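Accompanying notes for the structure given below.
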Amino acid sequence: MLETIGLSKSFGSLKALNDIDIKVGRGEVVGLVGENGAGKSTLMRILAGVEQPDEGELRRDGEPIHLSGPLDAGRQGIGLVFQEQSLLLNMSVAENLFLGREAEFTRFGLIDRNKLHAAARQQLAKVGQTIDPGKRVSELAFSERQMVELAKALTLEDRVDRDLVILLDEPTSVLEQAEIDILFARVRALRARASFVFVSHRLDEVLALSDRIYVMKDGAIVGAMPAAEASVPKLHQMMVGHGLHGEYYRENEQRPPAADAVLVARGLGSGRAYRDVDLTLHRGEVLAIAGVIGSGREELIRTIFGFEPADTGTLEVFGKTVVLTSPADAVARGIGYIPRERRVEGLVMLLSIAVNTTLAGLDGVCRRGLVDHARERAVARSWIDRLAIKTSGPDLPCSSLSGGNQQKVVLAKWLQAGSGILILDHPTRGLDVGAKEEVYRLIREVCARGTAVILTADTLEETIGLAHTILVMRDGRVTAKIDAAPGAKPAQVDLIEYMV
Amino acid sequence: RAEGKPTLVNSLRSLSNPYHAAWNKGGEAFAKSLGLDYVTLVTEGDSEKGIADIRAILAKTGGNAVINIDPNDAADARPIVEACAKAKAHIVTQWNKPADLHPWDFDPYYVAHVSFDGVLYGEATAKVLIESIGGKGGILALGGTLSNTPAIERKAGLEKAIAANPGIKLLDFQVANWQSSKAFDTVAAWITRFGADIKGIWAANDDMAIGAVEALRAEGLAGKVPVTGIDGIKTGIDAVRAGEMVATVSWDPFWQGAMGLSIAYAARTGRFDPAKEPKAHREVYGTGVVVSKANVEAFYKANIENEPKLDYNDLWGRAAGQIRT
Amino acid sequence: MSLATTSANHGERLRSRLRKTAPLLVLVGLCILIGVTSPNFLSLPNGIRVLTAASIPMVLALGATFVILVGGIDLSVEGNIALSAIVLSLVLSGPLGTLGLWAVPLAILAGAAMGAANGAAHVGLRIPSFMVTLGTWFVGLGLGTVLLGGGTIRIVEPSIRALSLTRFVGLPLLVWIAAAALLVAWVLQARTRFGRHVYAVGGAEDLAALSGIRVGRIKVLVFILAGAFYGLAAVMSAAQIGQGNAAVGDGRLFTTITAVVVGGTSLAGGDGGVIETAIGVLIVAVLANGMILLGIPPYVQQAVQGLMIIAAVAISIDHRLFRIVK
Amino acid sequence: MSAVPSLARWRDAAPALFLAVLVAVITVATPDFAQPGNLLGVLADTATLFVLAAGMTFVILIGGIDLAAHTIASLSSVVVALLLPTLGYGAFPVALAVGFASGLFSGVVHVRLHVPSFIATLATSGVVSGVALLVSDARTISIDAAGRSQLAWITGSVAGVPAVVLIAAAVFLACAFVQRFTRFGRRSLAIGAGEPAAWASGIRVGRQKIIAFALCGTLAALAGALLAGRLSAGTPVLGNQLLLPAIASVIVGGTAITGGAGGIGRTLIGALIITVVRIGMTFVGVNIFAQQVVFGLVLIAAVAVTIDRTKIPIVK
């Protein structure tokens, strides 16, 4: 009922999409997988009318259609849940849900707020949310925002009589398991009316939800198969070009941590977010913190990087008791932070790779207090080589890189700064499997060299796979400290027990 | 080219006010009477721009220019005069110049400096005001921008008049930056503060006086509380005719625009040698006309209804003595 | 979800509410302070005078609010007033002298046309609004000067003067006009699609575009609306002082933007609104009135005003919400 | 290396090309314009504006704005005029220190009290002009003949080149150096282009911002001293009309008003464009009533040509 014929799209000299033919049948869930930069989002944007293809056409129920914009696509029953958050933070939930469609709620040209909120409540209920529709989106948690995005796409249901096509571009990357379950349940329930295109880097999810799967590589479709015939290793092989290593986290390559503690927290507490947290981080150790949203782990790691000071307790870094009141303090003590929102807090997107690489460790490329540009470039080049960053040079802006490569630049920044302690806040979010492996390798490597890591990971699997030690938090308290030495990894249920 | 006909140049602060617009008309009329090229320069209140423009015009004409200027600031006069003398162009300055800069320092190119005695006329309008309220009671004063020389002089004149009349009390002095809208709001607040104690309002220019009149009108007090201004712009004269203002002073900007050029032109064409002129003709006060109820109708007929008739050759007809320093 | 986060959110919201009302509290505090030292301040006639003094800045600031809400800035205020006021006085004094009140829509139209030019250049040529409107500031002043040859025209037309001189229920018509403008602006902002779209564009224009909002059109409309408000303010100014010339708008720009920001509208766009602006305008008007009532010498007035405004803004800005202040 | 300059290079050259076209047009209309003497005069007339705009560049690059710079220049002119008789050359460092302190004040109010720079500096301008009025007693302070000898480094010339031009050139080099080679320069750019990322990379954003304002204040004071030198006087309103031209110079050169892209080289060209347009109109003899209109339109045209839209994703 929706198909593309020979779609192509270029950005300058880069061919982002090359002769794409895909079909989405009635009531079907189509999975779409591929490496970072394969062109998935570009394809989705074209299907949603946000961008125009250079060549090729779209067909709806066999008829060629032209989508001049997102509104047009909406009229055709096509809706998109964006990869990047597309909600306006300064507006209310209800206003966001019906943005661009206020006409349906106006009387004599004036918006009827009660009607708007009633409709919004109904819409939110569809995705199992009871958020106050008058709340500003900026006050919502990331996962709540994602559900609002979904609810926004689902407004198509009431709007269009015909069958719907809902495009989900990495909807699960910021969701917790419970919410993913709601999402999947919702998708399954809607199949009577809607078909879905589902993009995710979590291949097991794709296998679980989809009927059929397309694999993209370098802007082209390189494989299509029913989900029943696919498996994680097979998809991985098609996407990356080499087989999945038997064991993702390569436990045998993990080195045990050293005995000396680099960071010790005692009785740390901050408002209602968390309290009485004791933790010890050793040189070369990966300390993962597990917990659901609201467990306080987000706030805890932000304290350790100086974003928000703690109210109680003491923090000792490299043997010195410190009070961190800003990231600058933390960086000065040798702590680095890879944020979840790398486009905002990780990189200055419009500046070059070289500049970003030295952002936290400018002193390293200074000579007599002055920036040595040649040295800076050389340093950037060496990181590009060592981390295999895909780019044509250190002078290109970071905005030209794909997500995985951007993440590598962030990592390069902290390695360049010589941080002995790295805080990794969801470091693989949005990365493809190949890039993930890359990040895992880098984590192992820096640990082997003595860097200590505090990790909040995307999934429990990742948490267990990467960690030496796992701290489980619930309602602001540490509920368990679990050893996860290579060869003696705990099971997921062992953690969940302490999480909820 | 220096032998050819000189270009006549008037340099003013801005063209968006009636005072300088009339000045410009005077310059145009004089240039037309001689059939010479005429250029207007506007500083827009920017000293650097004013100086740069003069330099540009000197470069363009090769110094064959006659310049009549109202410098944006007293400080501008020196570099401008120096540039003119260097380029051998003749210049007359008006209103603003530093006290230690004299035309005779740059003979023969710095022909003269013309100004009006701000103290004298500030005092004159204040006297009319005081008289109109019977020499007793509280008055208010609206000043121009704080650091402006004419504003300072006019205020000094006001203070002189008050000192001579012990029955008069200056209730408050505020600056309204020459603007009517600011004067309006200031007077409104004064009415709250002083109420019926306000017997009269003195303003350092007509624009502010008009703002004061309108603020009074909004409270039903126009014509009941006398107001004075200075400058003699048309709306000010109208208000005097209507009895809402009791006095203003006309400088006759048309005369300033025409005669400034005429004096410098006369020097350039050799009709007189500046170096031989008395100091009273080099730093000279012009004559202002205090327009009040007594003479307003005649003034209106001669100057507003008709374009003023000037004898361009009567260079010193309105000279009123040497400028005090 | 745990209790901890929801109640933390509660505290957060409460604080942000408090911050939101801070400008109002500043206004009330200011009134009390001045009222205590100068009892006349709290009299009814002075209340009316303050409102009158606030009426023209109010209309100007309402227009500017929309521009600032979409994340732009409009520096052409003074040029626009000059042009509109001169159009008004020319229409009144020219061969069409009998047009009377009809000159008002023409002047507003002139303002709107200049706004349209701003919007078209900003959106069409993709030039920052700061620069476009800086340019049109000069253009407006220049055109005004050309049209009038630098002179002043007295406005005697009684129907226009009535705007300033006639009172209705004790208040000059100017105040009623400002109140009506506030109402119109509020309805536009809070209750219409246009208003929603203004916030969306100010929040993040790329995202707004993804929801199908025609960003360019909204921006152009916003500049036109602002221009129309400035045109109206020009009419009010000319009516108040009974004359039209190129200088009627002098000194209005910075007070206008100050009022908007003091009210709590963010210069980054997307946050704030006309009610906030109304409070900001009143703060600035009360301050100006108060300084004269308290007899603060002219030398230090600017400084005092500056420090008071810093205090007002520092108190009312929620630095938890606006981490980045530019 | 290709023989054809890339698009990006053209973009970088756009402001200079615009300037060249302007000069060419004016020269064609009035050939005298291009005489070396006159061109040097144009440079001299640009010097003060450029120095003020140079300071403004630092502030705009970090995403702020300084609406107090002109009043700082005025205050500095007063300080120079007042102190020259007693302190001699010592008057200049004092004036610069006063400018530095004023800029510091703006910066601290902006950063520490979280007041938008637009408002913080507007308020500072009120305070600074108040101070200027007070210390000058609201009068023009002339520098007498004795004092003028100490102004020779401003008013004189070296090998036919006006000294102010050389001073401006030195300021240009110093600023270019600061922007390119110092940590502060690098960090300001990062702050302007991505403040949250800069902050989360451990840059002391607040401190860098304050430095930018202090630098701007210091350069504004230098501009004021130059003005005092050129006019042999200080007044509390001397620099007042220079604010908008200074900001316009920065933006016309192509620096983003939102920060993060641009630099001192662009400001130099921007300041020259502003001066050349103004003086050029006098040269060509554009009707005086039309001059403001032409000036406004040329400003808009200049920005349309000079801004690099690839570095400004969203034009606000």
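To keep things simple, chains are lettered A, B, C and D as they appear, and every chain counts its residues starting from 1.
In the analysis below, a contact is a pair of C-beta atoms (placed from the backbone, for glycine too) under 8 Å apart; a residue touches a chain by one contact, two chains touch by 3 or more.
Quick caveat, the model's predicted, so the values are computed rather than measured.
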- Tally the contacting C-beta pairs at the A-C interface and at the B-C interface, and name the larger one. B-C
- Note on the structure: Farthest chain from chain A by C-alpha centroid distance is chain B
- Message: How many angstrom lie between the centres of chain A and chain C, each centre taken as the mean Cα position?
- Response: 42
- Chain centres from averaged Cα atoms put chain A and chain B apart, in whole Å, by 71
- Geometric centre distance via CA averages, chain C-chain B, whole Å: 34
- Item | Centroid distance [mean C-alpha coordinates] between chain D and chain C, Å | 29
- chain A: which residues touch two or more other chains? none
- Note on the structure: Multi-partner residues in chain D (2 or more other chains touched) are 133, 138, 196, 289, 291-292, 313
- Message: Where in chain B do residues touch at least two different other chains?
- Response: 15, 24, 146
- If you connect every pair of chains that touch, what shape comes out? Choose line, ring, star, complete or other. other
- Listing every touching pair of chains gives A-C, A-D, B-C, B-D, C-D
- Query: Considering the complex alone, what residue numbers of chain B touch chain D?
  - Reply: 15, 24, 39-49, 51-53, 55-57, 59-60, 62, 73-76, 78-79, 98-101, 145-147, 149, 152
- Note on the structure: As the complex stands, chain C meets chain D at residues 71-72, 79, 121-122, 125-132, 134-143, 145-146, 149-150, 205-206, 254, 257-258, 261-262, 266-267, 269, 299-307, 309-310, 313-314, 317, 319, 322-326
- Item | chain C to chain A touching residues, read off their complex | 1-2, 4-5, 7-9, 12-13, 187, 191-193, 196-197, 199-200, 202-204, 207-208, 210-213, 270-271, 321
- Item | List of chain D residues in touch with chain B within their complex | 30, 32-33, 35, 37-38, 41-42, 45, 48-49, 133, 136, 138-140, 142, 144-145, 227, 230-238, 240-242, 245, 275, 278-279, 282-283, 285, 288-289, 291-292
- Query: Of all residues in chain A, which touch chain D in the complex?
  - Reply: 305, 326-328, 330-332, 337, 339, 344-351, 355, 359-360, 362-363, 366, 369-371, 373, 413, 417
